[in-house]
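Starting off with a structure, shown below.
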Amino acid sequence: MFLGKVIGSVWSTQKEEGMENLKLLIVQPIDWKENEGGPTVIAADRIGAGMGERVIVSRGTPAKNIFAHKNVPIDAVIVGIVDSYEVQEG
Amino acid sequence: MFLGKVIGSVWSTQKEEGMENLKLLIVQPIDWKENEGGPTVIAADRIGAGMGERVIVSRGTPAKNIFAHKNVPIDAVIVGIVDSYEVQEG
Amino acid sequence: MFLGKVIGSVWSTQKEEGMENLKLLIVQPIDWKENEGGPTVIAADRIGAGMGERVIVSRGTPAKNIFAHKNVPIDAVIVGIVDSYEVQEG
Amino acid sequence: MFLGKVIGSVWSTQKEEGMENLKLLIVQPIDWKENEGGPTVIAADRIGAGMGERVIVSRGTPAKNIFAHKNVPIDAVIVGIVDSYEVQEG
Amino acid sequence: MFLGKVIGSVWSTQKEEGMENLKLLIVQPIDWKENEGGPTVIAADRIGAGMGERVIVSRGTPAKNIFAHKNVPIDAVIVGIVDSYEVQEG
């Protein structure tokens, strides 16, 4: 998983089967000093993440499997909203 | 998933089993300021994306699974055409 | 897998199903000269890795499968704590 | 998938189960201006790609699944030889 | 798959289930001019690769599946020792 910050939303009407009724958020990966790192990711959100919140994003088949019995072509999901973190560097 | 812009098409006659009758588009990943980001991706399209349109691309097994009961060796699929997006940075 | 150094922990109350009771550590990928390499990864830990320890991190579905019969949306796991390593370069 | 150019072949006698009788080609990812992009990939080829040809390479489990009923540890496959492509940039 | 050079070994006592009795090698990705490329990878080896040898490394679920009926959380495997290769560039 990686740490990210929710910076936006995206809407799509014309889409693949299985994409109905999904909230899609734009997540900027950040490091633990809040610097941006790498390109933004579009992730599905079922837990109510809001603009500006720090989130944990999981990718690939493990992430997709939150939709266990449906064929949802999603490769990134917000799996947690960050309460706090503690980092010791150096 | 990532945001991309459709910039082209590619055709292939000599191909693997399962690749028949697929529309393959060339997608340039872009960021939310429309800057190019990273190498182009070849993605299958079943939803009618057109040249220049902004699309959402999913990858890996979750994307492949739109072909649920067929053995299609596709690792990237256009899963949505973008209507609009909203980004708040900083 | 990649070599990493545990540099922190992250806590989340609002999370996806399957994320309950997981210890999530922040891992900095490092090379064999102890230089940092690439962005940090959030990995689940079941083997008791501690702050500052060198660990082996596995990703994707193979990593997720340590939770064989549960639907845990985890894409990175600490699979070993490093006792020692030997490198011959050049 | 990505666009690549076949630049070589590799041979191996001592190998894992499932790797027997596979033709392994070295593919240089290229962009649509024929510039090299990123490190070379070793991909299995069953469709007769030749030196210098432009090919479409798929990766991961979707690619592996062309060997549907065999346990072949291949993570990249040439899925098409490019006839032509059309790109509109800017 | 990618071409790599075996540069070391790593040992771990405290580890996840399924990691028992695995030989773990440190592999430096290289290009066809023997230049280093990208961060080192820790890969399982069952075919007897030795220090300094050129190897082919496969990743993800296709690689994991050499352990077909066991739950081994391995995401990289040495699938071949390189005998020779031939490259034509330009």
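We just call them A, B, C, D and E in the order they show up, numbering each chain from 1.
Going forward, contacts are C-beta pairs under 8 Å (C-beta built on N, C-alpha and C of every residue); 3 or more make two chains touch, one makes a residue touch a chain.
This one's a predicted model, so the numbers in the text were calculated from it and none came from an experiment.
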item	value
Minimal step count in the chain contact network, subunit B to subunit C	2
Given subunit A and subunit D, the chains that contact each of them	B
For subunit D paired with subunit E, centre-to-centre distance based on mean C-alpha positions, whole Å	19
Whole-Å separation of chain centres (CA-atom averages), subunit A against subunit E	30
Shared interface positions of subunit B, touching two or more other chains	60-61, 63
Arrangement of touching chains [line / ring / star / complete / other]	ring
Cyclic ordering of chains (reference subunit B, direction subunit D)	B, D, E, C, A
Contacting residues of subunit B [partner subunit A, same complex]	1-3, 29, 31-32, 37-38, 46-48, 56, 58-63, 65-66, 68, 77-89
Residue ranges of subunit A touching subunit B (in the complex, touch as defined)	7-19, 24, 26, 28, 39-43, 51-52, 60-61, 63-64, 71-76
